[in-house]
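After this come two complexes, each holding chain A, first together with chain B and then together with chain C.
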Partner chain A sequence: MKPLVLALEQEPDQRLDLSPLSPHRLDGKSAKEIAEIEVQTTREKVTVGDLFRIRPGDAQTIVFEGGSTRLDNVGLGLKGGEIIVEGDVGKCVGRSMSGGNLVVAGDAGPYAGSALSGGRLEIGGNAGDFLGGPLEGELEGVTGGLLIVRGDAGARAGDRLRRGTLVIEGSAGDYPGSRMIAGTLVVLGATGVLPGYLMRRGTIALANPPELAPTFLDCGAHELAFASLSSRLLKPESRGAAKLFSSLLHRFAGDSAALGKGEILFPA
Partner chain B sequence: MRPIVRNGVRIDESFAEAFPMRGTAIVITGPNQRWAKQAAVTMTGFATSVIGCGCEAGIDHEISAKETPDGRPGVRVLIFAMSSDTLQTQLVNRVGQCVLTSPGSACFGDLESEDRLQIGDAIRYFGDGWQVSKKFGARHFWRVPVMDGEFLCEATTGLTKKAVGGGNLLIMGATPKTTFRATEAAVAAMNEVKDVILPFPGGIVRSGSKVGSKYKAMSASTNDAYCPTLRGAVATNLDEDIGCVLEIVIDGLNEQAVAKAMRAGLAAILKLGPEDGAVRVGAGNYGGKLGPFHFHLKDLLP
Partner chain C sequence: MTEAQIDGRPASLDAAAQRAAEILSRARLPIVAGLGTDIAGARASIALAERIRGAYDHLESDKIFTDLDVMRQAGRFVTTPNEARLRADVLLFIGKDLTKIWPQLLERLAPAAVPEFDLAHATRKLVWIAPGRAAAQVDGLDVTTIDSNDPHVALASLRARVADRPVNSGKGAKRKIDEIAQILKGARFGVAVWGPELLDSLAIEMLYGLLADLNKTTRFSGLPLGADSNAGGVLQASGWMTGFPMRTSFGRGFPEHDTWRFDAARLVDSGEADAALWISAYGREVPRWKKQIPLIALVPSQVKFDHEPQVRVEVGGPGVDHDSAEFAREVGAIVARRASLPSDAPSVSSVIDRIAQHIGGEA
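Right after this comes the complex of A and B.
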């Protein structure tokens, strides 16, 4: 089956809310019906047909040709199927998605994968601040699934992570894994200040750790069966993460300023 | 009735009567093959018969480091019991006492099924609050701190209600030496079959039993019809050229696996012939009224 293709014809002149353009919301809609969907965020009305050239196909796979940092909420609440963006996206890409596969070839704005609970989100370029994090007032960030950033991530990546796995193949900004509840965060590049700030439980694996807060307690270097298991399970998604977990790992327990049952691991 | 004879070995027109059981499979890994196997051997000890041991357990096969979840050498263990509850109790007791305690071990579920049995979900409490939960996709693991590092244990494993217990072969030879040779050849061939175990010592049982006893307290007693020293004194099942009988009991995760194992064992026995091995092969049953699975020897001939 051919995918449904939405080719962006020009840079939008306002931010767009593309949350209606998910497989489960477009299923069974004709090209004409899709063209009429409103996606504006201001008083200026904008429809899908105004901005995109639509090539009809099976909406289980939606391909966005071209991208823009003004495309917000792409794949919001995605439950199944696939969305591929051959360009950049704005804020909240893949927010609250619970299944399916979402691939962004370019960069993503803040709150990418926010409150992800299942499925797989891959960002080929860089991600903004609060990768996977909760919006203001929410208690949990990512609660399941897999989030991979091939480039760099901004500050506070994995904020309030509860469950699931985040892999940042580039560098991470300040406070990665802040307030983590549990789950796994991997950073292969450089890391900003204070990783794991106020984390309760969970695992942060860093290839290049900065100086850790004094509230992280040295537990020594160990060979862990869990690490080799992680290495094998992550290998299909990230060879770098697999390599990191295959090394002898130094364990720091923390953040003892909070519950203190989390850990930061890095090559010994 | 004319007996079936293959390569000089007589095959009884009989069948093995087997019963439905609950079964599960796990993989135990260790720092090397020796220690993976040590944990498996320990946890499958004293698990020959559900009558006295609560479950029947054994090693299915060894697994190379490339094929295990954590990339270390491993062993696949199968456990069978008569009810799901007993199986659950036996699994947790045995993993808790024998695998958790074995240096360097880790334990994983190895059976796909909707029905689940707890492993790590029960053992995690040993961690006294320091246990760590890890989820990767649909798989859930527990890390329990122990004195040599961590015990990694999958939260659950699958439970099958289609397991079959009590497939068997009775191997009859002229002397203990030749009977042993035939039985060992059969065990070696049956160990190659996946999804089955031979729960008795080295796969062989020499004290086959009949139902009932002259003593009230005993529910089962020696199978006198197959005891060579009673050949002249009781209503024997043995011919004059038989001086020794050994039995192989087979439990499998499904009916096909048990049939496959019996076929492989039978082929190995027949290949050896009557001079070096068995003169006759039979199978144990209770008249066919107790167990729903009937493995007829004539259908399993090579």
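Right after this comes the complex of A and C.
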């Protein structure tokens, strides 16, 4: 079946909330009904039809041709199916998604993959701050699924990560893996200051670690059984991550200020 | 005599209010920013923002959110300066900027005085992390200091040692941290004091982890110094009016809170906001955004702008020119203040009410 294509005709004047444009919410809707969906965030009304040229198709796959940093909540709550964005997106792409596949070719704004609980989110460009992190007042970030950033991520990537895997192939900003509860965060590029600040449990694997806080304790170099499993698991998604996990790993345990049952690994 | 200007030329207050109403009514997303005003001014401003379906933000939001983010994501507990002065036998100061943020701090807490309600009636102990030269201001008691380039690291090490967990520091550094950990654990009632510039929300969450750990065996509380321009009062007014702190928008007709999207400077510089009402009745702050958009300013007379606002009304100082209700650091609550030098200069709330009168029902 042909996918449903939404081609962006111009840069929007205001931020748009595209949360209604997910497969489970468009299923069975005609092109006319889709065109009438309101997506504005100010008093000036904007409909899907005002901004996008719609090429009807099976809504199980939605393709956005063109993107903008003003497109927020793309793929919010995605349960299944696929969304492909051939451009940039704004805040909260893939937020709370529990299944399906979401691919952004360009850059993503802050809180990409916020509270992801399942499925796969891939960002081809860079991601903003708080990758996968919880929003104001929420207690958990990512609780499952796979989140891959091919470019760089901003500060505090993987904040309050609880389960699931985040792979950043580029560099990460300051405090990656802050307040981690569990789960796995991998950074292949450079890393900002104080990774794993306040982490309780979980694994942070860094190809290029910065100086660690004194609350991370040297446990020596290991050949870890789980690492080779992780390596095999991540191979189809990220060759860099697979390579990192296949090397001899130096382990630091922390953050001893918090529970101290987490670990930071890097090539020995 | 009210001073108002339109495009830099003197005008009546009514003409200025009418022009302001026109500018705000025409905008796609107007913002009410600065919000340096008393409670009445904040209430009028937020009500106006709802009417024009705009977003509102406070000039000190970044500082307010360092503490607030911890409260809403991890939890926190606070005490008042008076409680600290009367009961605390141990004070934990963090940062060299405390007396700069609040010049009356040492006078209020009187660290050298014996805490009146502490049964032991012993001299207080003061621990100061990253004091710079500020520790020299305290006379009459021993101050244990620890220099630190990064309070994140100092607080993490301290928390680990208070909980008897290991740290990977040099011998000298570890001995110092252990000494301070013993002082904190030996407190009968301790109070930590910090400001929102040196500590970000992560450091404050670490600090609250430390305080929570200490509370397993003794009592310890926090005294955040917060921000100026009645940020604490506006925060509370915003809370009871919309259920949210500042950085809330009525764009869709209902309040939506988002600390990233509704940051006033970001909204203007990204081109999303297309008109602004700037309110700063306490001081000389001007907007931090760089882009020029139609601007209405409610400010004291001395304030200078790089580009003259379209509309400017000179307002009086809360608690100076007119009576006010505002958040007072010294008691940690909203208090009523009588005007110290009463004058005819209009209050922010009265000017906003005039603007609102010129906005039609379908604004």
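What we mean here is this: the second predicted complex is superposed on the first by the 268 of 268 C-alpha atoms of A that agree within 3 Å, B and C clash if a C-alpha of one lies under 4 Å from a C-alpha of the other, contacts with A are read in each partner's own complex, and residues count from 1 in each chain.
Keep this in mind: a residue touches a chain if its C-beta (ideal position, glycine included) is under 8 Å from a C-beta of that chain, and two chains touch if they have at least 3 such contacts.
These figures come from a predicted structure and were not determined experimentally.
By the touch criterion defined above, A:110 lies against chain C but remains apart from chain B after alignment on the C-alpha atoms of chain A. Of the two partner chains placed around the shared chain by superposition, neither chain B nor chain C is touched by A:19. Applying the stated contact rule after C-alpha superposition, one finds that A:217 touches chain C and leaves chain B untouched.
By the touch criterion defined above, A:68 reaches neither chain B nor chain C. When the two structures are aligned on the shared chain, A:233 is found in touch with chain B, with no touch to chain C.
No residue of chain A is contacted both by chain B in one complex and by chain C in the other. Interface residues of chain C facing chain A in the complex, by the touch rule stated above, are 28-29, 53, 69, 72-73, 152-153, 155-157, 159-160, 163, 165-169, 173, 202, 205-206, 209-210, 249, 251-253, 256-261, 272.
Listed in rising order, the residues of chain A touching chain C in the complex are 13-15, 40-44, 70, 72, 91, 110-111, 134, 136-139, 156, 160, 175, 178-179, 194, 197-198, 212-218, 255-258, 260. Taken in their complex, chain A has these residues touching chain B: 144, 146, 163-165, 182, 184, 201, 203, 222-226, 228-233, 261. Per the touch definition, chain B reaches chain A in the complex via residues 29, 69-72, 106, 129-130, 132-137, 139, 141, 143, 149-150, 152.
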